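Read from first to last, the chains carry the letters A, B, C and D; within each, the first residue is number 1.
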Amino acid sequence: MTDVSPSELMVIVAARELKDGESVLVGVGIPNLAANLAKKLQAPGLNMVYESGAVGSNPSRMPLSIGDPCLVTGAKSVCSMYEQFAYYLQGGRIDVGFLGGAQIDKYGNINSTIIGNYKTPKVRLPGSGGACDIASNVKKIIVITPHEKRRFVEKVDFKTSPGFMDGKESWKKLGLQGGGPYAVVTNLGTMKFDEVTGEMTLVSLHPGATVEVIKENTPWDLKISPKLENTPPPTEREISTLRALDPDNIYLG
Amino acid sequence: MDSTKLMTMKDAVSKFVKDGDAVYLAGFTHMIPFAAGHEIIRQKRKDLTLCRATPDIIYDQMIAAGCAKRMMFSYAGNPGVGSLRCFRRALEKGVPKPIEIEEYTHFGLSGRLFAGATKMPFLPMRTNLGSDLPPENPMMKTIKNPYTGEEVSIVPPLNPDVAVVHVQRADAKGNCHIWGITGEQKDAAFAAKKVIISCEEIVDESVIRSDPNRTLIPDFVSHAVVCEPWCAHPSYTQGYYDRDNEFYMQWDDITKEHETTMKYLDEWVYGVEDRAAYMKKLSSEKVLKLLPKAAYSAPVNYGSV
Amino acid sequence: MDSTKLMTMKDAVSKFVKDGDAVYLAGFTHMIPFAAGHEIIRQKRKDLTLCRATPDIIYDQMIAAGCAKRMMFSYAGNPGVGSLRCFRRALEKGVPKPIEIEEYTHFGLSGRLFAGATKMPFLPMRTNLGSDLPPENPMMKTIKNPYTGEEVSIVPPLNPDVAVVHVQRADAKGNCHIWGITGEQKDAAFAAKKVIISCEEIVDESVIRSDPNRTLIPDFVSHAVVCEPWCAHPSYTQGYYDRDNEFYMQWDDITKEHETTMKYLDEWVYGVEDRAAYMKKLSSEKVLKLLPKAAYSAPVNYGSV
Amino acid sequence: MTDVSPSELMVIVAARELKDGESVLVGVGIPNLAANLAKKLQAPGLNMVYESGAVGSNPSRMPLSIGDPCLVTGAKSVCSMYEQFAYYLQGGRIDVGFLGGAQIDKYGNINSTIIGNYKTPKVRLPGSGGACDIASNVKKIIVITPHEKRRFVEKVDFKTSPGFMDGKESWKKLGLQGGGPYAVVTNLGTMKFDEVTGEMTLVSLHPGATVEVIKENTPWDLKISPKLENTPPPTEREISTLRALDPDNIYLG
């Protein structure tokens, strides 16, 4: 276990959240690895859908972008950009979506747009892409992110993708068909969201992590689940299968 | 009549792209028409509104070259690599000049284009609500769904002045076969007022007619047809050449400063006359690395009695 | 898991089509799943809402057989021939029983299905205004376009309980290649709650994966896969057999009276066990007449590095 | 000229209305013949679009329906039903559409739905199909119909496809992008529509026809253009080209 990197740990824990037969909107890098790992282990019937319109890709190498040609060669299906978002995402056919971002807050709102003010930005980030659309329409949002104070903030500078807003009641008022944030997987633990309030809650401690370390790296008073568990350590099979997916260590550091 | 559509990229840009135009160089990762962007830079077009879901390197280059007044987009990053530094310099520091932005989600912008292509009065969609994007963009509105009473987000149609759409193969009249990631290729062509088709190869009309479902753009939608092999490099054309991921990663270094960016443009854009000259500058090693293995489609029978 | 999707039409209809369902047997002239309609008649389903832009002969037969309570449609004719007499008898005279109708234009009904397939909250469209159709159909509403102030016609999404979609080739999991007139095939599959795929042939997954742009329906949208050659006769399957225009013309005579219609159904629907038995009854002369000449698509290269 | 049938005459006159480079939404039968005749004569660059989604068809035989397989073999392009109506028709890319119907009135409103009352019909007709959509979106509507009293009515029983409603002002209020009714071609003459009022007006007399005969077959007081012309008789080239298109006389009687 000692030789598992933080990235590897996050991918392995995130992959466990995927169930056989689910459909997942796959991003490049870490989410791609998590989906492919799940497919090789507990979820052989996982349906992988890419933002670029590719469905059921069978890539011969690790793609750099979600529009890589290797995601098309031998795919099951490909459609246009509007069709991908309309038929699959808005169509309610995606169970799980992975999102990242510069900031996430205690209600799972995500910022991938701007640090500072929108009109006069300190740092301009890439923006939503499909993130807001994914957040609004998939049943479960899973965020994979290093557990750092600059990423975990009590309130995001800009809500690119709505989480539970300022609590589950205001989320419900939006009337979105998605299920909202489901899990945040970091190098230290797994957080889920309180069913009533929608507030982020620590539910599982990764091997080696402590509640204290996690609280230190979270700038607000993070809720701890009364049923706090210990994350089962990565198995040999999980580790070797994952490493075979990224033999050149492009995404796993 | 139709044969007059065949022209060089230089002539097509000269004829159809005007200062101040809203342009859409189509391509979701795939078939981004770099050769058209470079020609627009060489012809010193200015005050353009650059529209694209993913501005990618090509719009970063056009911004550095001073062509852009405004950018309409949904993801301004270099996928898998990081930022578009020229865009950020323009936005954050006004270098080489300030740029206005109009920002959507992917679904919102591709939806605007789809609505423009099909002249929908407006497009209702299940997104945007709860995001901080709509308050920054007055083009996103809400409306009450008369069937349910719920609030619904809407966007208006987008009809760019001109679109450039690169495709694998077209006939001389502009009937286009497209495969792989079809992105916004069809919608951009149908939405734009003027359409420049660029293709890897011109084929006989009989090739097009052998597979009509593959024809996403019919001739009477296009205004110019440019035969421009390797038009999309460092983006790619499925089955013809792969994405030059190495260059996408190098772009991050090239653009560290405005000056280093301009040095690149001097050599690879201003310093070459056209795409053929650009390709001559590329090393054969690079070209060979990008050539795909063959993976042919199983044929289908379109026969009738 | 997926192999359990492969079943006979008898089992698929038995499992997925219930009394009172809204059903959509897809196909705009092309690939109308007659075998499914006949099986529904044989299994004596009733109180169905029959949805289709063009009811065609298949719904005329289902109405004569007493399966229908309601029909949602946009063109209730026998194209190039005339009326659908069984539909008219039900509507004008209540024979064999009265039928309710819900009527749209082609754009309106195909739009409802598209909106259902893509879960659009509602679909604004440039039609219906000025027609006398909307006053007869409360599902067509109007709304004010917030961008222009103009009045716009809208329709709600349509999500049938079950769709049957016939395709040329599918793999055992239900990934479907479709070509020729694609009509409402994709939209019906994505809009319906349960989807029965019927195909001319089951092919290996590698054939599907050789041409992903041809896959209009991916496996996880379908619930049953039925290998049913000649499913569509007297409609057609491009490249497999032509439309039996002769039969479409004869239908006008066959249906002159309810009794003559029932005689036909007794022989060709109730009197056969399944599509294979129906095909054995067809003369070889007829079959030979419908076999198409070959016209193969030019292949394309999907290769990457 | 004496051996030209009424159907042949109508097709030839209608075909003359089509210009090179225009796009036309083609129906089966008579409109199909008119479009193909124009393409072989003055309009080689005519773009033929079918309601079924086929574009630029090259049929080896006369199709019975607009969805016939011979319209697909060797066509330039084919798309789905919704796409055909959305991209081509609503997209404003069609110049000319041919419509027929059981009744047409003095403002070009067309009924193809019902004779009698909608709820309790005397005769149930097929309905709109794409007719209302075509009437709302193409630049010019051309109607080809035998000149009979039961077809020409002062007011249609049911407006399936709006013409100029009860006059051009009420049409304008609809805000449709189409140009509305343009010409009605019968076996006796050609009617167009008054630019100000939108009322049907006789503009050309076919060979052998008289104003009196036309008035007799039109139940309202049909307006006559002050510039009434005589339709030039079909040429030998028009006749022979047309007959070659329908050698078995399926549509020409």
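Brief remarks on what is shown
Keep this in mind: contacts are C-beta pairs under 8 Å (C-beta built on N, C-alpha and C of every residue); 3 or more make two chains touch, one makes a residue touch a chain.
Just so we're clear, the structure is a prediction, and the values are computed from it rather than from any experiment.
Counting hops only between chains that touch, subunit B reaches subunit D in a minimum of 1.
Shared contact partners of subunit B and subunit C comprise A, D. Rounded to whole angstrom, the centroid-to-centroid distance between subunit C and subunit D, based on C-alpha atoms, equals 29 Å.
Subunit C has its Cα centroid 40 Å from the Cα centroid of subunit A.
Subunit A and subunit D have Cα centroids separated by 57 Å. Of all residues in subunit B, those that touch two or more other chains are 119-120, 125-126, 150, 179-180, 182, 186, 210, 213, 238, 242, 292, 295, 302-305. Contact of a single residue of subunit A with at least two other chains is seen at positions 54, 68-69, 72-74, 78-79, 86, 90, 177. In terms of inter-chain touching, the protein chains here follow a pattern that is not a line, ring, star or complete graph. Listed by chain label, the pairs that touch are A-B, A-C, B-C, B-D, C-D.
Interface residues of subunit B, counted against subunit C in their complex, comprise 119-126, 141, 143, 145-148, 150, 152, 154, 156, 168, 177, 179-180, 182, 207, 210-211, 213-214, 238-240, 242, 289-305. Residues of subunit D that touch subunit C in their complex: 28-29, 51-54, 63-69, 72-74, 78-82, 85-86, 89-90, 113, 118, 121-133, 136-137, 158-162, 165, 171, 174-177. Here subunit B touches subunit A in the complex through residues 28-30, 53-54, 73-77, 79-81, 83-84, 87-88, 91-92, 103-108, 110-111, 113-114, 125-133, 136, 150-151, 179-187, 236, 238, 242-243, 245, 248-249, 292, 295, going by the rule given at the top.
Contact residues of subunit D toward subunit B in the complex are 20-21, 23, 45, 47, 54-56, 58, 60-61, 68-70, 72-79, 86-87, 90-93, 177. Taken in their complex, subunit B has these residues touching subunit D: 1-2, 117-120, 175, 186, 190, 205, 208-210, 212-213, 215-221, 302-305.
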